[in-house]
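Chain naming follows the written order as A, B and C, and within any one chain the residues start at number 1.
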Amino acid sequence: MDITVNILLTIATAATPLLIAAIGELVVERSGVLNLGVEGMMIMGAVGGFGAGYLTGSPWIGLLAAIALGALFSLLFAVMTLSLATNQVATGLSLTLLGLGLSGMMGTSFVGQPGQRLPNLDIPGLTSIPVVGRLLFGQDPIFYISIALTAAVMWFLFKTRTGLTLRSIGDSHTSAHALGIQVIRYRYLAVIFGGACAGLAGGHLSLVYTPQWVENMTAGRGWIALALVVFASWRPWRVLAGAYIFGAVWIGQLHAQAFGIPVPSQLLSSLPYLATVVVLVLISRNKRLTMMNTPASLGQPFVPDR
Amino acid sequence: MMRLELVKRPQRSALFSALSPFIAFLLTIIAGAILFALLGVNPLNAFRIYFIEPISQIWQLHELAIKAAPLILIAVGLSVCYRANIWNIGAEGQFILGGIVGSMIPVLFPQFEGPLVLPLMLLLGMVGGAAYAAIPAFLKTRFGTNEILTSLMLVYVAQLFLDWLVRGPWRDPQGHGFPQTVQFNDSAILPELMPESGRANWGFVFALVAAVLIWILMSRMLKGFEVRVLGSSPRAGRFAGFGLNRMVFFAFLLSGALAGLAGISEVSGAIGQLQPVISPGYGFTAIIVAFLGRLNPLGIVAAGLVLALTYLGGEAVQSALGISDKVARVFQGMLLFFVLGCDTLIHYRIRLIGFAAPKLEAAPKLEEAR
Amino acid sequence: MSANHDGANLLEVRGLTKIFGTLTACDHVDLNIAKGEIHALLGENGAGKSTLVKMLFGSLEPNSGEIFWNGQAVRIANPGFAKKLGIGMVFQHFSLFEALTAAENIALSLDDGSPISTIAAKARALSYSYGLPLDPESLVGDLSVGERQRIEIIRCLLQTPQLIILDEPTSVLTPQEADKLFETLERLRSEGKSILYISHRLEEVKRICDRATVLRHGKVVGHCNPREQTAASLARMMVGNEVKAVVRAPADGIETAQPLLEIRALSRKPATPFSIPLKNINLTVRAGEVIGIAGVAGNGQGEFFETVSGEVLQQDAASVRIRGKDAGGLGITGRRLMGAAFVPEERLGHGAAPSMKLSENLLLSRHATDGKVFVGASGMVKSEAIYGAAQRIIKAMDVRKSAPDPEAAALSGGNLQKFIVGRELDRRPGVMVVNQPTWGVDAGAAAHIRQALIELARSGSAVLVISQDLDELFEISDSIAVMHNGELSKPLPIAQATFEKIGLLMGGAEPGHAEHILETA
């Protein structure tokens, strides 16, 4: 029983960064912007979170630094694509490349240093309940944030007027502009929210998942988060489901390696990436679903007439 | 608070079209100076070590050519993709597969020697890269799967596959357990161009030839016209009778083959055997090269040399000043950012205006403009 | 029912100017709108009407000039402010969101924060009271163009505006639907609201408008009472000189002429969630004749054009026949090689690549048919040959441009359309299929294009014209068929066709049974 609980806990830990980054990107894409820089913002969050935690000795400051650095980095993307109307695909790619380089440079002195870990929740009486106690009341704080964030984004997008406005911009920025909606301002806020989420996801990696700094430690998770948004056809609860499926794949291959299953470890390590491809193929076969849900102005630059 | 406003130019500015890469380079230098100053290094000294010293001797120019060759080869292929609005970002994986498939001959048949070996290896390298690139192309045309994500995911798979090969079935039994294949025999080594002055090999010639051929294709031939039409207005392309699916395959196979050629050239030229890692991120840096070269094959040759210099400079500042060689990646990323930003000037004028909150009361009269 | 002129002006515009680069779209425009009047804003395509109303609605910022609202100077910085003043707008190109419901669309322009369900109920009630029934729960993407316009109108009325701006509202309606709209407008006027009515259709302006302001090349060229004018005098004010009338020589003996384009039992499933299926379409176009296809936008014309042109293939090869041979299985290049030529609706991005030169755009549709002339054996483009041919077309069609070989996007709509039509005429095609030949084109260019199409037919080709503009179809067609909801009626010979009959068919009165309509009409 304990083993099952442990496996479930590790799956939640593996799924959390994917979920947070994907939820952030979902909001960005719902506003009609495609930010391919998730991997770059995430790694900046990871190095910033580790660094601030290491230097101050407080993982909580690390957490805030991760969020701030992710948001700041996304601002760069926002200025480029929203104010200067650059190509979103190319700008997102360059954000990722810059993030990988910058984080490597910033993290040179952190390699091999012991990091800070965010403590798990511990509520006397509740956490010690057999089985469900640790699952519900004994996880790291970012896990609870991720669940709350998913619920909040669902409520925001589909129950509030501001959420409706955001979705309308994603559907047609020209119509929104004609109605007097501040397209660029909404998109700035969405992109920065996405950046903060990616930063938080990166912070989870270096403050909870493996509290240390390793170069390129995001290992493609930012890209998988992007794929999750497509897989979820831009619906928050499906992102949640997808993130946990991927968390399970990730943990499954690690356990398989640990158990010494007679399969090359490299094959097991490539499973999350192969699974991403398979999942993308499965979802894109349903053309109607994809077409109905894809924000129609996704990736299109917008320059209002003056 | 200030705000940027873009005003569309009546037509594209030829001036900024030519100037934009240079402005971008200048801005990168300025940002780099700030970066070096923040790291506590004298920027002038750092720039001398970064940009001048690595190319002050003949043998160093050879090193520059060695680094530039794969960047140019991959980037000219990618430029065709990006012109067609097809986003192959998995060139790193196609590079690796080119290296692996091309190495089959010297690794599996080390006793096979002669003048046929090298051409066969190069051909196999191109086939390997093209075949790997065909996967995202097939998934995109058959199922409509996003090629950005699939081509990128396959990079990780390719890296792991190479890792498995050189640690497992292809490991050199006499290699003292090191994860690497046998050293290639002489007929499987890409010859050096001018052995008396440096190490540069035929890979650089391949790159230049590829750039010229792709330039002719894109600017003079009907096929290049097809690429440009489908990329800029797909519906007009369909009206012209050009098939988008055919174009997806064409662009992926072409760029995959060139990336594969770059891969096998690197393995048989600069390295001489397969190792767990055969690329310092050439496939990704080539994306920057392609954009810095304005997706023009001749511009890409120049851009490839500049980016190759950032690699050499990164190594130089690391050994001379103790700064991480990751600084090269930062320079490359900044350069791409500035290029993309400066390109906006080609189509727009930029106005800075203050934020004025809309007032509900009667507003002052507008001034007469003339 | 005359306008109420004794009240002060609701809106006064003085010297309003808007400059785009080198083009002065509005040049010191003056305009007064009284309370309770329907005021027409007349002008050709490109005269500056849309620019003017976008400034009134706050979507564009004027370079200079003054706007007075109820006598007070105002600066309309954005549409939100315009709405607060009491200005409502019904856009020509609707500003609707396809993926949202009608109620959500309406909620987005109301700033009162009330729940969607309340807004839906209000919208439903208002729509029925004005006789424009609307289902607030339906997804906009699933609605017809006429229904979408209703959402725009209801959305505008829910803001209780004092001034309603309508930009070319009847261009998407059948004549009968337009009558219904006019009733609504008259009722609004009787409620004391002012209406700014933008149109280039003179008959309807004469019918419902109290006063008119006429724009030409961005300048006001006159104010008048349209009821005291004739359609011809209004046209002269708009265009500045007489437009040459199109001459249509009688087409003799076309009943027995050889059929060059035959469409047999053509059906097509919808390609996307929001597109129209085609149902069992039959049509024959013979050598020497022009057949027009009328219909409200979005009834399958675009889908029909794609299947006829070969941009989309058919399973049944015999469903499209060109010059007596099956062509349904061939792509657009194959059909061109059989002698057919096509002009699509969208100029920029479909008929032409905007960022490419005219000479390159020539190659776009002719790289295969004139392969030997324009392309060398090794696949090299002969740039001198395409340049020369482009200049020949520019001359033949009187295309006005600022550079020898400019990018397509740099040309005005009319001039680019002349080039695109000329590009196909230059081949002397046996079959010509044109979708919206003069949409958004100025009167001079439109007359030129229409005349050229008639002459092509009379020289022995088969010409099929799809158009929303009934005046145009009556001017050039030998017979008119009507497309409604993916079905095509039998063609009605021009001698028997009237606006009313065609209008009924456009509204969906039993497509495929034209004779029946004839008897009852």
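Brief remarks on what is shown
Quick note on the criterion: a contact is a pair of C-beta atoms (placed from the backbone, for glycine too) under 8 Å apart; a residue touches a chain by one contact, two chains touch by 3 or more.
None of the values given here were measured: they were computed from a predicted structure.
The chain with its Cα centroid farthest from the Cα centroid of chain A is C. Looking at B-C and A-C side by side, the one with more C-beta contacts is B-C.
Per-chain CA centroids place chain A at a distance of 27 Å from chain B. The mean-CA centres of chain A and chain C are about 45 angstrom from one another, to the nearest whole unit. Annotation for chain C: residues touching 2 or more other chains are 78, 80-81.
Multi-chain contact residues of chain A (touching two or more other chains) are listed as 306. Contact with two or more other chains is made by residues 8 of chain B. Chain B meets chain A in the complex at residues 3-8, 82, 87, 89, 139, 143-146, 148-150, 152-154, 156-157, 160-161, 163-164, 168, 284-285, 287-288, 291, 323-324, 326-334, 336-337, 340-341, 343-344, 348, 350. Residue ranges of chain B in contact with chain C, taken from their complex: 8-11, 220-223, 225, 228-229, 232-233, 235-241, 243, 356, 358-360, 362-370.
Partner chain B is touched in their complex by these residues of chain C: 15, 17, 19, 21-22, 62-66, 72-75, 77-78, 80-81, 84, 309-311, 331-333, 336, 342, 344, 346, 348-356, 360, 363-365, 367-368, 375, 378-381, 407, 410.
Listing the residues of chain C that touch chain A in their complex gives 54, 58-61, 78-83, 91, 94-100, 104-105, 107-109, 113, 272-273. Interface of chain A with chain B (complex): residues 36, 76, 79-80, 83-87, 89-91, 93-94, 97-102, 104-105, 108, 219-220, 223, 226-227, 230, 264, 266-267, 269-270, 273-274, 276-277, 280-281, 284-285, 287, 290, 303, 306.
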